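Dropping the structure in here first, questions after.
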Amino acid sequence: MQFTASKQPENCLLGPESDSQRTLYPYVTGTSVVALKYKDGILMAADMGGSYGSTLRYKSVERMKPIGKHSLLGASGEISDFQEILKYLDELILYDNMWDDGNSLGPKEVHNYLTRVMYNRRNKFNPLWNSLVLGGVKKGEKYLGTVSMIGVNFEDNHVATGFGNHLARPILRQEWHENLSFEDGVKLLEKCMRVLLYRDRSAINKLQIAKITEEGMTISQPYSLKTYWEFSAFENPTQGAVGSW
Amino acid sequence: MPKEQANWSPYDNNGGSCVAVAGADYCVIAADTRMSTGYNILTRDYSKICKLADKCVMASSGFQADVKALQKHLAARHLIYQHQHNKQMSCPAMAQLLSNTLYYKRFFPYYSFNVLGGLDNEGKGCVFTYDAVGSYEKVGYSSQGSGSTLIMPFLDNQLKSPSPLLLPAQDAVTPLAEAEAIDLVKTVFASASERDIYTGDKLEIVVINADGIRREYMDLRKD
Amino acid sequence: MFRNQYDTDVTTWSPAGRLFQVEYAMEAVKQGSAAIGLRSKTHVVLGCVNKANSELSSHQKKIFKVDDHIGVAIAGLTADGRVLSRYMRNECINYNFTYESPLPVGRLVVQLADKAQVCTQRSWKRPYGVGLLVAGLDESGAHLYYNCPSGNYFEYQAFAIGSRSQAAKTYLERRFENFADSSRDDLVKDALMAIRETLQGETLKSSICTVAVVGVGEPFHILDQETVQQMINAFEIVGEQEGPAAEPDAAAGQEAAAEQGGSTDEGVAPMDI
């Protein structure tokens, strides 16, 4: 295992990487999160894998968590950094509740706070290695936004992180509409997750779907998708590859 | 464990083009609404235009997180200015503030390419154009961002601004009428989105004149 | 001659459980020209009396905009008031920078009160000599708070502070039950009436008062002089027709007595005024 980066000038402004306390690359990572607005709120999906490089190291990582009463947070990227973020948010929500004055932070406020946190850490050259998705409903207002590890942030009707940007969003752009019912929303998310499962090597077939509406939020039990691998081309993949083992 | 990520960079380029044209009694500021990273489109509806004061609007492209930070910083500074002076900041004052703000981060710059447009104290259109570290110049029209290499020569050709080398200095505002300027801006973006993959989806046009601020939209190529 | 032994610094208690320096600071509030505030479910109106220090000077500004949704009216040391409103402005800007939403009024008021409280517990500090009426709007509706140099704060339907505020308080106490459903203009009218009460016979003119409004769909702003004069004319509040000048006099008498400090009554600390 090599910790030091190869090319590093002697008089580097930041000092040698070997004795720095920064995340230079992630260790245990989660893959895509996909989320969309539907008729009554927000739906979000993420699998439960935690990869150590290309080793599937953890298989029941919950990557979607409720934040306060109105928000739901999904994360891909470094799992430990995500847990650190959850610690910040726990404190934020606790202090917010302690005022006990009838005001509360909604999804917009939490998203903005997260954006500040991510951007401040990138300014210190010490990023939190995540792409975050924040969804929620407050006062009948649906909210769905995302932040990257360098602070790039935006809102949209549907968002996805990592591979989801390549594979899920084209499907979402084609099939998403304002009046998706809960059932259709789940079907659409499952379609995205299935494509990701087939094509993203670090995706695993154990996922959760989370729902947040004005009434509250639920995060489903882990379940798996029906898959079909019996295509003839899959049966003997090395056949015809002469000289290969 | 092998290192899979490329070396981390604090910057990204989220693309986008901005244009501003000043006339005798108006100013047109426009930008597309696409936000990209690499070959991905992150969103097709992100406004790059920010109203900084009653008669002052900024369009910015580059790294979205820096642009957002810059916009919020200027908004806060403008609030303080209003508290202290009981009036809106003028466009030339905001132009200087923007320059100072950018230069303040000279050695860890905001990766943002801005054009600032509005009306000056006489009600005449003015445009200020910047680089990422705060050099700026008052001009009659300008373009910044990923499509600027396509747009700028086109504007030069159409607007035939008097040379800045002429003595005595000649006014740089364009001779066009407001409606003509808006048409020109539309054409310019339709053209840029043909060749620049970071420009497209939708065009947002802000027009400032004596009546106030007005917004218009036009669809652009979505591919 | 009697000399108070317990009022030489803020951190010294009197045996009766009082902090005289803090009470003196509150006395400064009473001596400043009056400020009043009142609220309905949707609007808050602040008003104040402008008194010039001399014939040759203009009056000081006593109502400050803090943010689009918050404003303050002050009575007491204007300089302290300015410092505190600058603090409040900064807090609003900072909150807005992190959350892109307006700072809830009640929270700002608590922060402000905590700041004032610190000055009552440090030997090297002095309490702020200013009372603030904080008007604001947030997701739980319209609010009016009074912040005191002691670090206490209270929420009110309507309140008045400063010199001769007792007359305005009496007026407001008589009418506050109608305020909750008042229209904005009726609220402004009541504000002007309450201000008039503090004038003691002097004619109410737009030149000697300032009125500010914040409410649903209406960011905090100070009404310009013409508008105020128009309202005074429209409501025909000119003044000079009231008689009971005795009431404020009695109040003034009490105030004078309170000024004597410890020598008068050994009752409860009047910190909650």
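The first chain written gets the first letter, and so on, giving A, B and C; residue counts start at 1 in each chain.
Keep in mind that, in the parts below, a contact is a pair of C-beta atoms (placed from the backbone, for glycine too) under 8 Å apart; a residue touches a chain by one contact, two chains touch by 3 or more.
Protein names from UniProt, one per chain: A, B = Proteasome subunit beta; C = Proteasome subunit alpha type.
Because the structure is a prediction, the values reported are computed rather than measured.
With chains as nodes and touching pairs as edges, the resulting graph is complete, every pair of chains being joined. Just to note, of B-C and A-B, the chains joined by more C-beta pairs in contact are A-B.
The chain with its Cα centroid farthest from the Cα centroid of subunit C is A. Centroids built from CA atoms put subunit C at 50 Å from subunit A.
Between the CA-based centres of subunit B and subunit C the separation comes to 45 Å, rounded to the whole angstrom.
Between subunit A and subunit B the centroid-to-centroid distance comes to 32 Å (mean Cα coordinates, whole Å). In subunit C, the residues that touch at least two other chains are 97.
Among the residues of subunit A, none is found touching two or more other chains. Those residues of subunit B whose C-beta lies close enough to touch subunit A in the complex are 1-5, 7-12, 14, 35, 37, 40, 42-43, 45-46, 63-65, 68-69, 108. Chain contact summary for the complex, subunit B toward subunit C: residues 72, 76, 79-80, 83.
Within the complex formed with subunit A, the residues of subunit C that make contact are 97-101, 104, 106-107, 110, 138-140. Looking at the complex, you find that subunit A touches subunit B at residues 1-2, 5, 24-27, 52-53, 115, 119, 122-123, 125, 127, 148, 150-156, 165-166. Within the complex formed with subunit B, the subunit C residues making contact are 65, 67, 89, 93, 96-97.
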